[in-house]
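Common to both upcoming complexes is chain A, partnered first by chain B, then by chain C.
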Partner chain A sequence: MAQIFPKSANALAQASIIVAGALAATAGGALYWLQRSPYVTRQHETREQPVPFSHQHHVGGIGVDCRYCHTAVEKSAKAGIPPTKTCMNCHAQIWNDSPTLEPVRQSFRDGKSIAWTKVNDLPDFAYFNHSAHVNKGMGCSTCHGRIDLQPLAWQEHSLQMEWCLECHRNPEKFVRPQDQVFNVAWQAPANQIEVGKELVKKYGLKPRTSCSTCHR
Partner chain B sequence: MSARRRNLLAGLVAVVALGAGCRQDMHDQPRLKAQARSEFWRDDRAGRPLVEGTIPRGHLREDEFLYTGRQYGQFVNAFPFVIDQKRMERGRDRYNIYCAPCHGATGAGNGMVVQRGYRAAGNFHQDRLRNERLGYFYDVIANGFGAMPDYAAQIGVEDRWAIVAYIRALQLSQHARLEDVPAARRAEAEKALSGAAPAAAGAAH
Partner chain C sequence: MASTPHLDPASAPIIAPGHTFSSVTDKIASIVLARRTPLHWFLGFTIAFSVAQLVLLTIVRLLFWGIGSWGVTVPIGWGFDIINFVWWIGIGHAGTLISAILLLLKQEWRTSINRFAEAMTLFAVVCAAQYPLFHTGRPWIAAYWLLPYPNTMGLWPNFRSPLIWDVFAVTTYASVSAVFWYVGLIPDFATLRDRAKNKLMAMVYGIGSMGWRGSARHWHNYESAYLLLAGLATPLVVSVHTVVSFDFAVGVLPGWHATIFPPYFVAGAIYAGFAMVLTLAIPLRAWYGLKDFITDRHLDNMAKVMLATGLIVAYGYAMEAFFAWYSASSWEIFMIRNRMFGPYGHMYWALILCNVVAPNTLWVPRLRHSHAWLFFISLVVSVGMWLERYVIIVTSLHRDFLPSSWGMYQGTVWDWSFFIGTIGLFVTLLYLFVRFLPAISMFEMKTILPGARVEEHHS
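Up next, the complex of A and B:
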């Protein structure tokens, strides 16, 4: 009886096993990479806003403290988006005929909220508390980046769970002196780990990594 | 494709689609979140305004001194609580956050916002304000004055008093004489004054 397959079919069969393995690994790698890519996480992506509010101008240029607007950050889970009244504290007189700021004046006149777009949008199943962090030596810029250099705010980090855990497992890498928390230009010193370990002890940091810490 | 296979495939697609749907629901749950949009109410806000006149239990503002800076209709010239180092530091922090943008770090009324075109802010070192009663400053923070808006929503009652204490400290710092420095540290002050280091800037942070 004649052979159905030629001899080269052996090589082909062996090669196909290898190719299939390689394809599966590549697909896995691509998924791994895609899941962490800015395409999925929206990291470093600025968000369109109804008014092009510039943190670069207000924080970097004028030197306004974060807490002037985000008044609740030290005592509440949410830092708080300021009411339009806070904008009008200055803009009743400054740039008060700018067409760009018309939505702000409109909101102030009719009492309707400005519909800002949330930039750092954690999934609803993750609990986060600003006050717990800023009162324990975690600086604004650790998560939000150099906000004083962002014309339109972007999301600085991936906000993925591994990103949260990176700090919860190694707080000494990121903790800073309490009086530097709102200094957005703060840079970690060369001996950060050393200083960080001291601060972790001083502030009694015990960041937990159990599921229910954040998924409550 | 057999009917059975087709059903299996359809089932698989449905499971994947449902899974993706669940994921979105978990990410964006329909509950109301702070400061979020809600189509349920006419003003699109999830947060509901309090009914006018609502007073939380234990928050009736009966203490006229503490909440208005007045007693019997007159501005007080005292504090409703002891001003210690901690309060003073709190006042300095809050002053630098909320007041310094206009009044400047030393209280001369030339802050960044004024430099950018806002009407000149009050200079705390003029005689009228140096001699003003403490309750007056509290009142201006709470209710505004002239071009200055009120800061009632941004600064809590106790913080307002802490800021008043710090303003008084700034006023003292800009009008201090050498005799005001404790004898033990006078040499230090003299050295600073004779040197290039501006003593006033140091005293006012």
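Up next, the complex of A and C:
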């Protein structure tokens, strides 16, 4: 009786086992990587803004404190986007004829807010409170990165739940002295874990990881 | 080749006399290799396939409208989805029992029924899987609460929950059953490859046979692999439905929180499984003229297994009532009274009629040997086992500790369409199986022929 398959079919059959395994592993790895990639998270991607506001210039260059504009950050859930009037405190005097700032003056004249593009946009089902964090030794730059080095702001981290939990499960890795919270250039000391554990105790940090902490 | 009538099926041979190696192969392979598909196959397949479309229809409706289209609501959060899941998973157990435990116990009569009983197991698991997969109405989120994988939420399933044990139990069950079934098919694939009438068929069956040549070495490896797999599958007969019963028994609800649940569920599963094997075997042997292979003795044996497991199940029902009384817990006593005489009382008594009263008629040899009666009883048992899950789930949930939160439950038209649809899916898969794969193991049948017996000579 004639053979149905050539002799090479044996090798192919054996190779198919390895290839199938490799394909499955590759597909799994690719999905793992893709889901965390900036393509999905939009991490480190600058967003277009109606006015090209530079944190690098205002924070890094001039040294404006975070709270000068984000006034509510210590008292409320949202840090707050400053009203146009805050811009005009200075820009009524300086750069007051710059064409780049025309949308700011326009907004000031007709009382319509500038429609800034939100950069760090959490999903609506996740609750986040700025005041709870900045009053307990969690610094701005822990989440927002070196804002003083960002010409147009980007999202520094993935904002995925595993990223939130990384800190909620190990706050000692990230906590800093309360007087350093608004220091955007703060660097963790070499003995951060040691200091962190002290601070966790001192500030009474009990970051919760139950579902309803954030999904209320 | 008319089957020889025997006065006492219990002592009849497990294969009709007069068969040779080639007549067995001819008979079984011809069903698969026949060029013309019989008309009754097309008719049955068309009906089953049409009914199976209800699954798609229900799923589309579910995904667009959510589980509001089902009848589940507070306080009855588990309804048809879990009833049908447990029902289907239970049915599958007979296949594993026949293929693994009866093999290890050298019960030779299993050879003619194990192949399609295993197929039935797989198809039942396929049907069962639909319910947990779709019961949230959002199957794409099933991935992270069913399976432990490194997701971006940093979340793992709750390993202390019996529901996650269930996921592992059922996936293990499905994969071991599939491997066992496939390994059992390999020598038969080779036979079909050699007898195939065209190149394409020869190639398809050839790939399935994995280069099987039937050499002594092949057989040696094969026998060890098959025994090892049987050993692996054996604990599954007991473990799967034990874990399914934990879904209930680990909860603190009266009516669920009972230590008798694991053995009682396992017995119920084998009971339901044998009822389904009988439901399938009786028409199969008649339509395809397989009465020589699935003999009256097979039906008799299966009827006895069904009767025995039915009695264990009846004992379970008795113990549920006894425990309620003996516990002296007012909640337990209320639960059993409500189950028997409450608004779902008629379902409880229907269940007792189907699962306890009806199968006891099989004590009478004349009824047990009547194929029509046996077929009828096996259908009744299937209904009874479905009612059992309905009663356990709904009556325990609908009136719990707080009378202000009592409620009633009823399946909606979509609940029923999903259930009936999976029955259609099950029958569709069985039709495809019977047409494309040998429904009876050819090579194993040959081992029980008188010609296969080699006398041992001791010096």
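Assume the second predicted complex is superposed on the first by the 216 of 216 C-alpha atoms of A that agree within 3 Å, B and C clash if a C-alpha of one lies under 4 Å from a C-alpha of the other, contacts with A are read in each partner's own complex, and residues count from 1 in each chain.
Just so it is clear, a residue touches a chain if its C-beta (ideal position, glycine included) is under 8 Å from a C-beta of that chain, and two chains touch if they have at least 3 such contacts.
For clarity, every value in this text was computed on a predicted model and none was experimentally measured.
**Student:** Clash or fit: what happens to chain B and chain C when chain A is overlaid?
**Tutor:** The answer is fit.
**Student:** Scan A:R36 for contacts with chain B and chain C and give back first, second, both or neither.
**Tutor:** So A:R36 only meets chain C here.
**Student:** Per the contact definition in the header, classify A:A92: touching chain B only (first), chain C only (second), both, or neither.
**Tutor:** After superposing on A, A:A92 lies in contact with chain B but is clear of chain C.
**Student:** Between chain B (first) and chain C (second), which, if any, makes contact with A:H44: first, second, both or neither?
**Tutor:** neither
**Student:** Output check: A:K201 vs chain B and chain C. Expected answer is one of first, second, both, neither. What do you get?
**Tutor:** Once the two structures are laid over each other on A, A:K201 reaches no partner at all.
**Student:** Considering only touches as defined above, state whether A:I4 meets chain B (first), chain C (second), both or neither.
**Tutor:** Only chain C is touched by A:I4; chain B is not.
**Student:** Please work out whether A:H57 is in contact with chain B alone, chain C alone, both, or neither, and reply first, second, both or neither.
**Tutor:** neither
**Student:** Which partner does A:A13 contact after superposing on A: first (chain B), second (chain C), both, neither?
**Tutor:** second
**Student:** Counting touched residues of chain A, say whether chain B or chain C comes out ahead.
**Tutor:** Partner with more touched residues of chain A: B.
**Student:** For the superposed model, what is the least distance in angstrom between any CA atom of chain B and any CA atom of chain C?
**Tutor:** 6
**Student:** What residues on chain A does chain C touch that chain B touches too?
**Tutor:** No residue of chain A touches both chain B and chain C.
**Student:** Quick check on the complex: what are the chain A residues that touch chain B?
**Tutor:** Per the touch definition, chain A meets chain B at residues 62-65, 67-68, 71, 77-78, 80-81, 83, 85-86, 88-90, 92-94, 112-113, 115, 123-125.
**Student:** Under the definition above, what is the set of chain C residues touching chain A in their complex?
**Tutor:** Those in contact with chain A are residues 150-155, 193-194, 199, 202-203, 206, 210-211.
**Student:** Which stretch or stretches of chain A touch chain C in the complex?
**Tutor:** Counting only chain A, the residues touching chain C are 1, 4-5, 9-10, 13, 32, 35-36, 158, 160-162, 165-166.
**Student:** Using the touch definition up top, name the residues of chain B that touch chain A in the complex.
**Tutor:** 26-29, 31, 33-35, 37, 43-45, 96-98, 101, 112-113, 116-119, 147, 149, 153-154
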